[in-house]
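Before we start, here is the structure in question, set down as structure tokens.
Per-chain residue numbering starts at 1, and chain names A, B and C are given in the order in which the chains are listed.
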């Protein structure tokens, strides 16, 4: 039994700032299997992986590789032990060839020079052994994503990895590329390499993996045979006890105030999108990363201009200019607040007031008093802490940074508010506050569109949920009928019967 | 498909050089004289040796504008040493050590304190010129004095062999060495890797900090070599020695396809770039245009070069994307074939 | 950490630096403190100061203009050349000035378009245009000088009159430009948006700011101040040539970096820039007063730039990461 396992962890525990994120995790991966790891965001998947690969150090517990007890304190230890990770953001150097990339950092040397012939031969051998469609001398810059991924895998194999960890490798792959990757993975399995496969996509789990470990709240809740398990079982294990909906809000929907998207098409990212978002409701948009959610809201807001189809507000076509849309009452809380949300070195005041100078200025001159009043009110209304308008936003906590961005829009009574992953990296207390502000906004009759990967948030906060799958609307959940399980299934392209209790 | 983008880029530069040469040869008076060709080669060698060093820094993703200061400092020291009768190998060695030390200092500052390399080297360039000022010969009152080198052995470095100045040979040798290091050794591979994607390289085990410092050190050493030979040719060193050369070398590299931002270009490109820039200046001079127009043309050439380089990069980028898509399409085709086979069985 | 304390401490540091310099001069050369020398310092920094205000805008939005000196030379040559060839009348000066300003706008647009739209590295572009403009100025004058001989005209009086009989006009112009740019930066929507573009380009696009146009605009302002500086300098020296204001961009950059501006954008303000210009002028004057070979001044500048950049980087890194705000109610 013991020597069938390539990796076994025993009672791994890990806490961050006193919050336990992993509780006695016992992960077991057999030799030559493709083992899936699933769990919602924050379930602890990436933490356990970072511990296995030496990025984090564990607080407690043991790791056994091939039955041998090992100490993994850094990346190097992990590589020594035969563990390799294929990163989501590929770590290849585009200006080098496949061979050069594979041997980068550990070139084979002959008389002080890299032995190109030998390296090329070894790479060719690897390619032949695993049957990849690759040339050793191709420049990485000229390759497609699937080929890059294969190169990355080869790089891992060249260091004699026994266990490959793939963290959502298919997010940026097309359907045919994904299929290729799976064929590759199956080839690896036949040759005895184990793969730990992390994914949100149920269909992939069925397609390629052997066993499945499901995590929830830092614990392993089940290990199942992924060929036979029912989709509902998996999702209910992931979600746990489906929460009773507390105090379902009855939205006062104003049918005369709406945004209508008609036949929207954007390259091969979005096609045939039709829906209406009404004033007074919070419209949730679910789906996996890469399903076109962010692109959809970017089209509405005007940051993406080259789409086909029509988007109208109350029957009138909306502008494709962000500035004009803001004037018309639009607001946007973007997905990544650090790169596109706040202005790190500017004060809270500057960050909040930046969107409202149409009101806070006259003839191009800022009305300083109004600006301060506006900000102070926003800081108080939305409880930004600390209450210091001059503090640079980079010194705030994540939740307060998000509050600042939200306050930027809410303080000017926006009419259409688009939120893209509004609560990533925000602690629970602040999350609840943000939801209250959003509801208040909706009650005032505004149109609110929220993109989210957080299933609880999507089902709890939204009045209606649209789930995107591969660039189309796969399912619509009306009247608070959205369940986490339903949304999760729909995200993977599986329809659950509406209202069915699973 | 076999003809690489790199090769095309070099052909373009080479073609431009040939065209320019032909135009000047037919239209500019006294351009084609042997004496002038020798002079062009000598000046090109001076720029080219600095370019060799600069190309290391540029390929590694940095920029060094302090070359002028390093040339000034090491050149003046070389002049002082030669004047007191030191044999040329000692002079050359000391100068190279000084140049390398200056380069190392640049690299250390930039990597240790996370400074912007452009502004840092711009500033250290002045500092090195200041060191040169400290080192230069002065009378009691502190007035600068020109110093004529009489050291016969040293002055030999500035002479020529059958019309070819020694510096030209040095240039060619250094270019060959640089080509060898960049394209054949692990160090070269890591330089490209660092310039192309420094984070990935670091993850793959390349010591990016050390590499960066070393590229600056090489650049400093090359500058010193150029300085010593030029001092020997001019038989003296002065405070203006090398002024503006930092930027000129970078410009020549860029013209030769060693792009800013790192990971692109090679020693041969830098070689061609140096020839091209020298040719432009010499041709302008031979037309009898005064120096003002030379400046105008230099500025315009650099502007056009970086603009067309950006255009070329955009073009290559599109081509690369198309290639990537094509590669995927090929895969899909193969895949479909494989499936069809499987279906028949 | 209170924002106010931070502000105060920056000025405390600046005060300390000035105090140390003054102390050195107290020991080194007392004549530094004469009223005449004070005026000399102010005159020498007035040109830097005017240019600083423009370059500040460019640096705030993440650009740099190393062609400032050449722009000053080129535009002042245009202005004086036209003036001298059209009867040295005040009306000719006005037209010359307009031509010079138009030329500056064209240069600024060229820089801005290259940086913001073609995404070319700004320092290479501006170094190249610097050569180009230097060459053009020199070509117009065929490599020689052009003198301002009409001592009655307005052109001459720009720099050679004194406000209230005591304050030289260049200083007044510097103060006016500083106040205007300072007011624009602190009290207008334009100023708010300039900072936003410098702090985070992507985020500024999302709040409806066309960041590219702002960057072009800042380069234009930058070239305009170079033009004004060049014309004042010409009036001050009664002469101009292609070498007018040569190397001034270095002093300007030094002043800005010392004043807390960052070439990556988002940091810096007019008071800081004025302090920087003051310091640059003082240091330059001190080198003369202490009988240090003037050739060293550039080396000293280099050292100061490296130190100031390192200090800024340290400060910014500290305020971005090392100082954590404790969550406290109220």
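Basically, a contact is a pair of C-beta atoms (placed from the backbone, for glycine too) under 8 Å apart; a residue touches a chain by one contact, two chains touch by 3 or more.
Treat the numbers as computed from the prediction; the structure is a model and nothing was measured.
Participant: Taking each chain's centre as the mean of its C-alpha atoms, give the chain farthest from subunit C.
Facilitator: Centre of mass proxy via C-alpha means gives A as farthest from subunit C.
Participant: Where are there more C-beta contacts: B-C or A-B?
Facilitator: Pair with the higher count of C-beta contacts: B-C.
Participant: At what distance in angstrom does the C-alpha mean of subunit B lie from that of subunit A?
Facilitator: Subunit A and subunit B have C-alpha centres separated by 44 Å.
Participant: Return the distance between the CA-based centres of subunit B and subunit C, expressed in whole Å.
Facilitator: Subunit B and subunit C have C-alpha centres separated by 31 Å.
Participant: Touching residues of subunit B toward subunit A in the complex: what are they?
Facilitator: 184-186, 189-190, 192-193, 195-197, 199-201, 203-206, 263-264, 320, 323-325, 327-328, 330-332, 334-335
Participant: Subunit B touches which residues of subunit A in the complex?
Facilitator: Residues of subunit A touching subunit B: 91-96, 100, 104-107, 109, 112-114, 133, 141-147, 174, 176-177, 179-180, 183.
Participant: Can you check the complex and tell me which residues of subunit A touch subunit C?
Facilitator: 301, 303, 321-327, 332, 334, 339-347, 350, 353-355, 357, 361, 364-366, 368, 385-388, 390-392, 394-397, 408
Participant: Once bound in the complex, which stretches of subunit C touch subunit A?
Facilitator: These residues of subunit C touch subunit A: 1-4, 187-193, 195-196, 199-200, 202-210, 266-267, 316, 319-320, 323-325, 327-330.
Participant: Provide the residue numbers of subunit B that touch subunit C in the complex, in ascending order.
Facilitator: Checking each residue of subunit B against subunit C gives 109, 113-116, 118-120, 122-127, 129-131, 133, 142, 144, 239, 247, 250-251, 254, 260-261, 290-300, 302-303, 306-307, 310.
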